[in-house]
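After the C-alpha cells below, expect a handful of questions from me.
Letters A, B, C, D and E name the chains as they come in the text, with residue numbers starting at 1 for each one.
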Amino acid sequence: MTRILARLGLALALPAALFAAWWLGTAGSDNFYVPPLRDILIRFPEVWTWDRLRADVLPSLIRLAAGYTVAVLAGVLLGVLVGSGRRVRAVLEPVLEFFRAIPPPVLVPVIMLFAGIGDTMKVVVIAAGCVWPILLNTVEGVRAVDGVLADTCRSYGIAGPSRLWHLVLRSASPQIAAGMRQALSIGIILMVISEMFAASNGLGFTIVQFQRSFAIPDMWSGILLLGLLGLALSVLFRLVESRALAWYHGQRRAQRGPAR
Amino acid sequence: MLLDVRGLKKVYEGRQRPVEAVRDLTFGLDVGDLVCLVGPSGCGKTTLLRCMAGLLTPTAGEVRLRDRPVTGPPPGMAVVFQEYGRSLFPWMNVRDNVALPLRNKGVARKPRQDLVAEALAAVGLADAHHAYPWQLSGGMQQRVAIARAVAYQPDVLLMDEPFAAVDAQTRADLEDLIRDLWRKLGVTILFVTHDIDEAVYLGQRVIILSSSPTVVREVLDVDLPDQRDQLTTRSDSRFTELRSHVYAQIQAAKRESTVGSHDAARPAGLAKQVLQ
Amino acid sequence: MLGLSGLAGVLLLVEILPYTAVVSADFLPPTHRIAVALGHEIADGGFWSALCDTLVAWAVGLTIAVVAGIVAGIVIGAVPLLRALTASTIEFLRPIPSVALIPLAVLLYGTKIESTLLLVVYASFWQVLIQVLYGVQDVDPVADETARSYGLGAWARVRYVLWPTALPYVMTGVRLAAAVALVLAITAELVIGAPGLGSRIAVAQSSNAVASMYALIVVTGLLGVAINLVARAVERFALSWHQSVRGEVLV
Amino acid sequence: GSSDAPSTPADEGTPTKVTVGVIPIVDVAPIYLGKEKGFFSSRGIDLTMESGQGGAAIVPGVLSGQFQFGFSNMTSLMVAQTQNVPIKVVVNGVASTGKQGADFGGVTVKGDSPIQSAKDLAGKKVAVNTLKNIGDTTVRESVRKAGGDPSTISFVEIGFPQMPAALAAGQVDAAWVVEPSLSVIKAQGGRVVAWNYADAAPNLTVATYFTSNKLLQEDPDLVKRFAEAMNESLAYASAHEDEVRQVLGTYTQIDQKTRDAMTLPEWPTEINRASIETLATLGKNDGVFGDKTPDLGQLLP
Amino acid sequence: MLLDVRGLKKVYEGRQRPVEAVRDLTFGLDVGDLVCLVGPSGCGKTTLLRCMAGLLTPTAGEVRLRDRPVTGPPPGMAVVFQEYGRSLFPWMNVRDNVALPLRNKGVARKPRQDLVAEALAAVGLADAHHAYPWQLSGGMQQRVAIARAVAYQPDVLLMDEPFAAVDAQTRADLEDLIRDLWRKLGVTILFVTHDIDEAVYLGQRVIILSSSPTVVREVLDVDLPDQRDQLTTRSDSRFTELRSHVYAQIQAAKRESTVGSHDAARPAGLAKQVLQ
C-alpha cells in the first residue's frame, strides 16, 4: 500500500511542480496567446463536456485505434520482411525511406486522391505516420536475433511460421514494444494533423477550430486534454507490455543486483 | 557410412586477416556409432560440429549424410550447443523449451507431454517444468538443452561439451543416460568433450584432433566391453592405458603448436610483472 | 544498386497510374512530367537557397535534439529515481503535436529559423529520448555486473557498457529523429512560411502547380533516402560488433 | 484616413523595416506590385513579405510584433474582434467584383452534375476551405437567396488546391473555390452554380490589412504611411491589370495560361462598410461568433 | 578473517512460488586462503558468489569483508563469471576487454599494456589480441575472462567454474597458473568447480555444499604439501583418498535430496518412452 502511494507520489511530483510553475509564470499574463493557467483550467470542464467528449473525442479515438492497429500489423509484417534478408532490405528500404521523409501535411492531399476525404483517409494518415517507428524497430529487432538461438531453431527444423512466432517475433518483441510505444504518441499527433484536413469533428478538428476562432484558453485546454490522453494511453500500454514481456522484465530483474 | 566428413576446411573471413579454423578433416560415422571428439581448446571442434549440422558452409571439402551432401540442417538431427545459455528461449519456460521441437515435428499432445516429462526427469529436472531458463543455474540450463535433444528422439545427435557445467555425480548419471539411449535406440552420436576420462568411458572410438590448423591426429578404437559401468570400467587397467594415451596425444598436440609461445613465458613472466 | 530497383518500381508505377482510371494526370502527373518540373526547379536559384534553408534548419534542429535526447535519456535511464519522477511528464508532453505549438512558435520567433527549430527540436527530441530509455533498459545484467565487480564507476559504466548496449537503439532513434526533423522542418515552413522547401511547396500548392509540387515532394523523399544512406554507413562502422551487423555476413 | 496628401517619411535616409504577413495568393498582388513600383520605399518603408498559411500563423505574428501588418479575411478578423484580440484594420485588401458570372470565387460543380443552381445545393455536400468562416456563410446566403434551405447543406473542409481533385473524384458534390483553382475547375469542364461573394453583398470587402493596437499607438505615423502606400498600390493594381498578371508570376507558380485567363478581384481603396455589416449579420446568424456580436467600430479604422 | 559469510540465506522471489536457493551458510576466508567450493548442480554456488561479490542482496544473514558489511561490489575484488560468454563486452576486442578494468583503475599506459600482454600470454592467447569475443571459441572466451581477472591483480578473486570450457592440458596449465599467482602474490581465492580432482589439487580447503536447500556439508582440509605438481601430486595416495572422500560426500548429498525423484525413473523410463 505504502509502495503504491510512494510510486504515485513520485509520478505526481514533477507534474505538480511544473503545473505550479506554469500557474505562477502565467498568473498575470496579458499575452493573448499565453493566458493564465487559471483561465485554462476554468475553461476545461466547460469545454470538455460529456457531449463534447462523445461527439469529438470518441470519433478521434476510434480513428486512432484503427490507424494504430493497421500500423502495428503493417509495421511488424514489413519489418520482418525487411529485417530478415539483406536483399529484401536493399530493395525496400530506399522506397520506405523515401515515403518516410514526406511530411504528413504534404502527403495528406496525395492520400486524399486515393482514400477520399472520409474516415478512411484519416485512418490511412495515422497509420502512415505510426508505422515508421514500429517498422524500424522491428527491422532492427529481427536483425539482432541471437545467432545461437537461430541455429538452434534451424537444427531442430523449426522454420516458417513456427520460427517466425517462436523465435523472430518473440526475440524482437522488446524492440517492437519500443517502436509501438513511440508510435502511440505519434498516432495522437497524426490524429490531430489528419483532422486538420476535410474533417468536421474530432479532437484535432476542435483544437484547430479554437485556434482559428481565437478561443485561446479553449485551445490550451485541448492541448492539455491531448497530454492527458497520451498519459492514459501510455499507462494502458505499459500494463499490456508488462504482461506480454513478463519474461523479459523478469529476466532483467532476476539478474539485477541490489537497487542502485 | 552414415555421416562422412571429407577434406573439410573452414576459414573464417574476418575484417582482419582470415582465420583458418579447420585445415583438413576426413573421417566417418557409421549408423549407430558413438564417437567422442577431443582436441585442444580453439582447435575447431565447434566449427566442425556446425559444419556437420549444416549450420556453416565449409570453405572446402564436404559433409555427406546418407550419401547426400549436407547443405542445410538435415531432419532427424539434434544438436546440443556449447553455448547452452544462449540456446534456450528466454521467453519460454523449461517445459515449452523442450516441447517446442516436438510440437514442430507434429508429435501429438499426450505423447509429447510424456516425452517432455520423461526427458526432464532423466536429467534431474522433474520439478523445474515451470521455471524460465534464466531462473536456473548454469548446470540446470545445460541439462534442459540436453533434455530437449533427448526428447527429440533424433537419429543423429551432435553434442558440444554438453556436461561442462554439471557436477561430477550428475555428469556420471548423464553419461550413463547417453550410453543407455545409444544402446537401446541405436542413435548415432558425436560427442565433443574436454574430459579425457569421459571420452574414453563413453566412446566406441575417440577422434583426437591436432591444434589449429586442425587435422585428425588419431582415431583411437576403445576396446572396452560394451557394457560399461562407472565403477568397474573406470578402474579397468585398459581404461587407464587408453586415457593416458589420449592425454599424451593432446599434450603433444598442444606442445607442437605452441613452441615457445605461451608455455615458456607463462607463470614466471606474469608473476614477475604482477609483482612489480 | 538493388535499392535503385525499388525506387525505379515506384517511378514506373507513378508513370503508369495516370493512364489508368485510378487517378487523373491533372492531380498525379506521370513521372516524366514530374521530372521536367524537377528540372525547372533545379535550374532555379530560389530552389537551391530554399533547399539550403531547409537543410540548415534540419541539421541544427536534429543536432540539438539528438544531443539533448541522448544526454537526457542516459541520465534519466540510469537513475531509477529520475526515471520514476519524469515518466508521467514525458508521457504527458510526448503526444502534444508540434503543430499545436505553431502559434506559440510564431509568437516567440515569427518566421525566423528559430520558429522552425523549436518545432523540429520538440518533435525529434522525443524520438531519441524514448529509444535511449529503452536501450538503457536493455543492458545485459551479466555485462553490467562484470563492470561493477571490477569497480567501474558510474561514468565508466555509462561509457563502456551502457552506451554500447544502447547504441543500436540510439541509431534507430537518430534515424527516426532525422526523418521527423525533416518532416517538421518542411511542415513548419509550409504552415508558418519561413523560407525553405516547405514554403515553396505551399506556393506550388496554392498556385495549382501540381507537377512542381510533386517535384518538390520527390526532393523531400530523396533527402530522406540520402539521410538513411548516411545513417546506415555510420551504423556499419559503429556497430560492426553487433549481432545485427555481423550476422549479415553469415546469412 | 486614406486619401490625404502624401506625407513625408519621418526620418530621411533610414527607411523603417516593415514585415507584412501575407498568404501567397492572387489577393495580395497589389502589395507586391506596390513594392516593385516603389510606393513603399518612397514613404521610407523597407517592405518584406512573409507568407504564412492563414490566421494561425499571421495573427500571432502581428500581435507579437514579428510582423507589423497582416492580411486576413474579414470574417476571421471579426471573430478575433469578438474574442478581444487587440488588432485593428488599417486598409482595404481585396474585394469581390460583385458581378454574377465574373467574380474571382464561386461555387463549382462537375460538368455533368445534376446541380444547376444555388437552390440545388440544399442537402448536398459542399467543400469550403475553412468551416465557420466567410466561405460557408456566403454560400448559405446564395442558397437562401435562390430559395433553398441552407441548413441542409453539409460543409466539409478541404484546401482550395485539393478541391479540383475532390470534385472530380466525386468526393464532394460542389466546391467553393477562388482563383486559380476556379480556372482549373473550369478548364476541366466544371460549371459555376453560385457566385456567393456577389450574392452576399455588392462589392463585398473580402479581406483587409490589419495591425496591432500596440503598433497603432506607438507609431501611428508608420501605420499612416503604410496605409497610404497600400492605397496607392491598390489603385495602381486596379488600373494596370496586365502588370498584376505579370507580378503574379514573381511570387506564385501559377502558369502563364491560367494567369492570363483567370478573373481578377477588385482592389478598391475604400472599405465597403455596409458589405462588412452584412457579412457580420450572416456570420452571426450562422453562429460563427458564438453568442457575441462583432463591434465594427472597434475593428474598422 | 578477511571474508566472512554468516547465516547467509537467499530466496528468489518469483512470480510463482519463491525458490530457496541457499538456506544457511556460514564460513570464512582468511587473507591468503585458497578455498575450493563444490556442490551439486543448482545448489546455490553461483548465488553465494554473487552475494559475496556484492551483486545480490541476501535475504538473511550477511557477508563481511575486512569486518565491514558488503553492500556493493568492493574494490580490489575480481569475479570470473560462470556465464563467461556474456561477461565479455562484444563491442571490444580481447585486448580492450582485458585492459578496461586496469584503465579504470588508473594503471598507466605502458604497465597496462604489459600486464594485458602477460595475462593473455599466460592463458595461451598471445595472438588473439585483436579478435572480438564472438570470434573466439568457448574455451578461448573463458580464458579471456580469466586473463582479465588475473591482470586486474585483485586482493580477492572469486571464480565460478572458470575452466569448464577448456581442454585437459590447458586446464592443467591454468590450475598451475592460479596456484602460482596465489603463492607469489598472496591473493585470496574462492574457486567454484565441479571437478573434484581439481578442487583437491588446487585448494587448501574444500568446502562441500549440500543439495538445495543448501548448507555447508563439510569443510575439508587438504593436507597435501604446498608445492604441488600435476604429476606427483595427483598420483599421491593421499590425493586419491581425499578425492574419493569428496566424491562420496557429493554423491551422498545428491542422493539425500533426490529420494525417488529422477534416479529411479531415469534411464529405463525414458528409453521405454522413447522406444514406443
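Following the convention adopted for this analysis, a contact is a pair of C-beta atoms (placed from the backbone, for glycine too) under 8 Å apart; a residue touches a chain by one contact, two chains touch by 3 or more.
Chain-to-protein mapping (UniProt): A, C = Nitrate ABC transporter permease; B, E = ABC transporter.
Given the structure is predicted, the values throughout are model-derived calculations rather than measurements.
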Chain hops separating chain D from chain B (ABC transporter), counting only touching neighbours: 2
Chain of greatest Cα-centre distance to chain B (ABC transporter): D
Higher-contact pair (C-beta pairs counted), C-D versus A-D: C-D
Chain A and chain D, separation of their C-alpha mean positions in angstrom: 38
Chain A-chain E (ABC transporter) separation of Cα centroids, rounded to whole Å: 47
Whole-Å separation of chain centres (CA-atom averages), chain D against chain E (ABC transporter): 83
Two or more partner chains touched - positions in chain C: 27, 103-104, 107, 142, 145, 148, 190-191, 205, 242
Overlap residues in chain A, where contacts from two or more other chains coincide: 33, 109, 113, 146, 211, 250-251, 254-255, 257
Touching two or more other chains - residues of chain E (ABC transporter): 12, 14, 50, 54-55, 72, 83, 86
Touching residues (chain side chain D, partner chain C) in the complex: 19, 21, 23-25, 50-53, 56-57, 60-61, 63-64, 66-67, 159-161, 164-165, 168, 180-181, 184, 188, 251-255, 258
In the complex with chain E (ABC transporter), residue positions of chain B (ABC transporter) that touch it: 12, 14, 16, 19, 38-42, 44-46, 82-83, 85-86, 111, 114-115, 118-119, 121-127, 130-131, 135-140, 143, 150, 153, 161, 164-171, 173, 176-177, 180-181, 184-185, 194-196, 247, 250-251, 254, 258, 261-263, 265-267, 269-271, 273-276
List of chain A residues in touch with chain C within their complex: 7, 10-15, 18, 31, 33-34, 85-87, 90-95, 97-106, 109-110, 113-114, 132-133, 136-137, 140, 143-147, 174-175, 177-178, 181-182, 184-185, 188-189, 192-193, 196, 207, 211, 219, 222-223, 226-231, 233-235, 251-252, 255-257, 259-260
Residues on chain A engaged by chain B (ABC transporter) in the complex (per definition of touch): 146, 148-149, 151-152, 154-158, 162, 166-167, 170-171, 173, 247-248, 250-251, 254-255
Residues of chain E (ABC transporter) defined as touching chain C within the complex: 50, 53-55, 72-73, 75-79, 81, 83, 86-92, 100-101, 104-105, 132, 134, 148, 152
